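Look for chain A in each of the two complexes below; its partner is chain B in the first and chain C in the second.
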Partner chain A sequence: MKSCTKCSKNIACLKRPKTGDALCRECFFDAFEQEIHWTITTFNLFSRGDYVAIAASGGKDSTVLAHLMKVLNDRYDYGLKLVLLSIDEGITGYRDDSLETVKRNELQYGIPLKILSYNDLYGWTMDKIVAAVGKKSNCTFCGVFRRQALDRGAMQLGVDKIVTGHNADDIAETVIMNVLRGDIARLQRCTSIVTGSEGLIPRSKPFKYTYEKEIVMYAHFKKLDYFSTECIYSPNAYRGHARAYIKNLELQDPLSILNIIYSGECMSLREGTKLPSKGTCSRCGYISSQEVCKACVMLEGLNKGVPRLGVGKTSKVIKKMEQLKLSEDSDRSPTKPVVSHSTTEVPSRKSSVLRETTLEW
Partner chain B sequence: MCSNSGGCESLQRIVPDEDKTKKCVSCKQLSEFVLRKVNGYCRPCYLEACHHKFRSTVGKTKLMKPGDRVLVWQNSSLGAAAMRHLLEVLEKENETALKKKLQFEFKFALVEGYDGTIFNDFKIAERWRRISSDAAEPPQRNSTLKLFNESLVSQKAVIEFARKHNFSKVFTCDTGSDLAHIMLTSISLGRGGQLPDWTGVSLERDGVVLLRPLREFTEEELDRYLKLYSIEVPTQKRSPSSIQRLSQDFVDGLQADFPSTVPTIWRTADKIAADSKSPLSVCDHCGCFNPTDVVGAMQALEISAELSTTLKLEKQIPNRCHACRQISID
Partner chain C sequence: MCDISLEFAGGAELLFESRKKQSVSLPPQDRPWTIDLLVKWLAKNLLKGNPEMFIHADGSGVRPGILVLINEIDWELLGGKDYRIQNNDSILFVSTLHGG
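Take a look at the complex of A and B:
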């Protein structure tokens, strides 16, 4: 039996994925917690008195995050006021079950919970969106809508900061994805520990340097109550490739994950490289590189019976938007039929739904 | 957790349009073969396009000067075979004087040991040079670092040879596909800030400029080029299990379904530089620039090590970048 490399007293019960050291349970907890504390303090993620929303999905990452935020806030007296913020995408058999976990977490950790649904915000649940769009690229809708939903929820709560459970593996994967997509703007942003500084509520990732495997171990040994089912709608295949690549790299050399993040931190844009200009959406006021943000375009498509309107290259989306406008103009003449994509049941809402919700904040 | 931020939808599999692939993209006559799943070509137009692409890649670097002596770094790869042929063709075109003349003279070189043995039956001609790479190899923890160090040491030997023998330029035979593999490998080794050196169009060391004129060609394109001239290339040895091999398999797998993968990767690399906000230092071993005051992943790693062992940490070797320190740790 090997003894713990840290305390040399207890028998080691695990091999740390990140460093390869054999640790006993107590030393692992201690190292894990201290590392998060180090990340929080080194990068000044919070100020005393901050009201912080923890993005909670009920999954392992956000459950461990909620637990740790509570533990560290008490132990080191950060002076934070915490709240759990959950987004209900409206996915039957997945999100409804995981939200039950978050509701239990609310009681377990004594942190109040706020749930915001896609249905309230956009007038659409993911189930309805999938019915209209099909299984292909529905993740795009979910991703775009969730991003805004978290910000809106946070604004409604009046919080100062948001924390998310993105871990080191997620960030490494995102670096690789952005390289494959040639998305320079995102490549530059994706390794920042705090994002969203321009007019939005700052978001930070306390698990930026924390390995997914260790989060699972921590949750397991602490017997935390989390929900561990994958989303029922098939995840994006392309991202799946990147994920598999990262896992294989980790097998070759566990340091790879941190190396990739370090690579991202060391990169900057070459002089003279053009970036898309950032503005705000003319409809909802959310940050956007186009005149109308992706969420508004997607919503317009859904509401007008052209669900795939917002899917595809930006240049093509703009073209499709223009065509839609043209066909709308000609729709006013009585001879032409109304847009003929009504193969699925789509409520005929106008974009006013979005405007109404926009006014709330 | 699901961290889909959208945007992947532009990367959908390409469905070939038969009406389009039937015609040559250039002359609109009947095509003879299809590349990148969507572009049809006839033989003459394709060869012309390849020759043009090679010239233009070299030309737009604006680094070649009349009278330059170029050392062409050869190995047994597909890219190297294509490079030999492309240079021959351009040389012949010099005689016809229809095209702009090559303004440089070139010689071929092989690094002995690693790949050179394959050319033993080649009767190293007047035009060929052998370079011996005698750098002592540090023992390596794994094949990833061993492979990386081999290529670094060879590169150093070639540049040193070029400098000694008055070659101002070195041409490598890295294809766009090779560079895409190298880019992902470099990122996984923590060399993200050094990408311009590893995958960019040129690199300067000790006054010698190394150019990568095949960077805009994918393996598929060069393979077709060589087939059209019935040039056979020995099957490539697969790398041993390593990060290099994983990156190759990963990129090639994607490339098969998404033909824009390789060009996107090297174009991305073109837009990256080492973090310019911080002062840069030069690594003793690889010669790349590195930011010195990035606080992040490496400090996090130190903390993790401190918190989980009582063993003393390995001494850091000064003047080496993070990735080269790994090479010499054992």
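Take a look at the complex of A and C:
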């Protein structure tokens, strides 16, 4: 048995992916907590007095994050007011179980909990959406709705900042996915430790440099109460491939995870590269690169019985929306002039940069 | 005979009929039991869920992303897949692949 490379006293229980160090439990807890504290202070993630919402799903990452936010806030006196924010997608047998975990976390960590449901926000649960859309591409709905739901929940709470449990493995995976999709706009954003500065509540990722292995080991050794499952609706095959790829690379060289993130950070756009222009949705006011945001398009489709509207290409969606508008207007008054959408910028079909795909970040 | 206790966590238990803990006696064989051989044996005898979530695509052992702890110690410190299983070992498989 190896002894701890740091204290040389206790038996080592974990090999750190980042450094190769063999650490005992106590030295690992210490190193792990210190690193998160380093990330928080080095990147100035918070200011004293901030009201911070922790996006909590009940899973390993957000449970460890909630625990650490509490521990570090107390230990280093960050002066933060914390709240757990959970989104209930309305998936029976999946989210209802994990929400029970978050409710226990509320008591365990003494952090108040706010649950916001898709049903409250959009009038649709994921169960109902899947009944209308089918099992294919329902992840797109869930991803788009979740992103907005977190922002809306945070706005309702009046918080200054949001933190999410995205870890180094997640980010490396997203870099690869954005490369594969040619999604330059997201590739630029996905490695940022803080996002959403313009008009949105800033979101940060204190686990940006934290390996998934260490999060899971920390949760295990600390006996933290978390919930793990697979969503009952979709295994999200594409992300699954990227995940398997990353994990295989990690096996050969754990540093490849951080190297992918580093490469993602270093990629810069050639001057003159077109990016979607940021505006706000004319219907709900949420940030959007189109006149009407993806969530509103999807809701329109669901409410008008064309559930798959919003899943396809943006150009096709705009055409379909116009048709819907036409039929709606002719229903109401045949003489009323049709509102023209000609001012909407229609992206060229070839432009992958403008393509709206699954929003998961 | 090789009596061991098995534990599944982090979602790995879902692949084994949601049984978190069980004791098993590995049948005697000519060569020593290693983690790789145990994983193959589990796949054949106890695994009920999607094998892809537990076994490497080439069938060689446990899938990357499943952590293994032997008597509460990271298997990477103990020789990994070639670790020779001892009588009364307690072996834990924790999935990092399952979501929250």
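Heads up, the rule we're going with is that the second predicted complex is superposed on the first by the 326 of 361 C-alpha atoms of A that agree within 3 Å, B and C clash if a C-alpha of one lies under 4 Å from a C-alpha of the other, contacts with A are read in each partner's own complex, and residues count from 1 in each chain.
Here is the rule we use: a residue touches a chain if its C-beta (ideal position, glycine included) is under 8 Å from a C-beta of that chain, and two chains touch if they have at least 3 such contacts.
Note that this is a predicted model, so its numbers are computed, not measured.
*Asks:* For the combined arrangement obtained by superposing on chain A, do chain B and chain C clash, or do they fit?
*Replies:* fit
*Asks:* Taking the superposition on A as described, I'd like to know which of chain B and chain C A:Ser62 touches: first, second, both or neither.
*Replies:* Both partners, chain B and chain C.
*Asks:* Is A:Val297 contacted by the first partner chain B, the second partner chain C, both or neither?
*Replies:* After superposition on chain A, A:Val297 lies in contact with neither partner.
*Asks:* So, A:Leu14: does it touch chain B (first), chain C (second), both, or neither?
*Replies:* Touch status of A:Leu14: second partner only.
*Asks:* Given the touch rule stated above, what does A:Met217 touch, chain B (first), chain C (second), both, or neither?
*Replies:* After superposition on chain A, A:Met217 lies in contact with chain C alone.
*Asks:* According to the stated criteria, A:Ile201 is in contact with first (chain B), second (chain C), both, or neither; which is it?
*Replies:* After superposing on A, A:Ile201 lies clear of both chain B and chain C.
*Asks:* May I ask you to decide whether A:Thr5 touches chain B, chain C, both, or neither, giving the answer as first, second, both or neither?
*Replies:* First partner only.
*Asks:* So which one touches more of the residues on chain A, chain B or chain C?
*Replies:* The partner that reaches more residues of chain A in the superposed model: B.
*Asks:* If you stack the two complexes on chain A, which partner ends up touching A:Cys266: first (chain B), second (chain C), both, or neither?
*Replies:* first
*Asks:* Between chain B (first) and chain C (second), which does A:Ser228 come into contact with in this model arrangement: first, second, both, or neither?
*Replies:* In the superposition, A:Ser228 contacts chain C only.
*Asks:* Which partner does A:Leu121 reach: the first (chain B), the second (chain C), both, or neither?
*Replies:* neither
*Asks:* Considering only C-alpha atoms, give the closest distance between chain B and chain C in the superposition, rounded to the nearest Å.
*Replies:* Scanning every C-alpha pair, the shortest chain B to chain C distance is 5 Å.
*Asks:* Quick check on the output: what are the common chain A residues between the chain B footprint and the chain C footprint?
*Replies:* 57, 59, 61-62, 231, 248
*Asks:* In the complex formed with chain C, which residues of chain A make contact?
*Replies:* Those in contact with chain C are residues 1-2, 11-15, 22, 57-63, 98, 169, 212-213, 215-217, 220, 226-231, 243-244, 247-248, 250-251.
*Asks:* Could you list, by residue number, the parts of chain A that touch chain B in their complex?
*Replies:* My answer: residues 5-6, 8, 16, 18-19, 21, 23, 27-28, 30-31, 34-35, 38-39, 42, 57, 59, 61-62, 137, 139-140, 142-144, 147, 165-167, 170, 173-177, 179-184, 186-187, 191, 193, 208-209, 231, 235-236, 238-239, 241, 245, 248-249, 252-253, 255-256, 258-271, 273, 294, 311-313.
*Asks:* Within their complex, state which residues of chain B touch chain A.
*Replies:* 1-12, 142, 144, 183-184, 186-193, 195-196, 241-243, 246-247, 250, 253-254, 261, 264-265, 267-268, 270-277, 290-291, 294-301, 303-305, 307-311, 322-323, 326
*Asks:* Which positions of chain C touch chain A when the two form their complex?
*Replies:* The touching residues are 9-11, 14, 57, 63-65, 67, 69, 72-74, 76-77, 92, 94-100.
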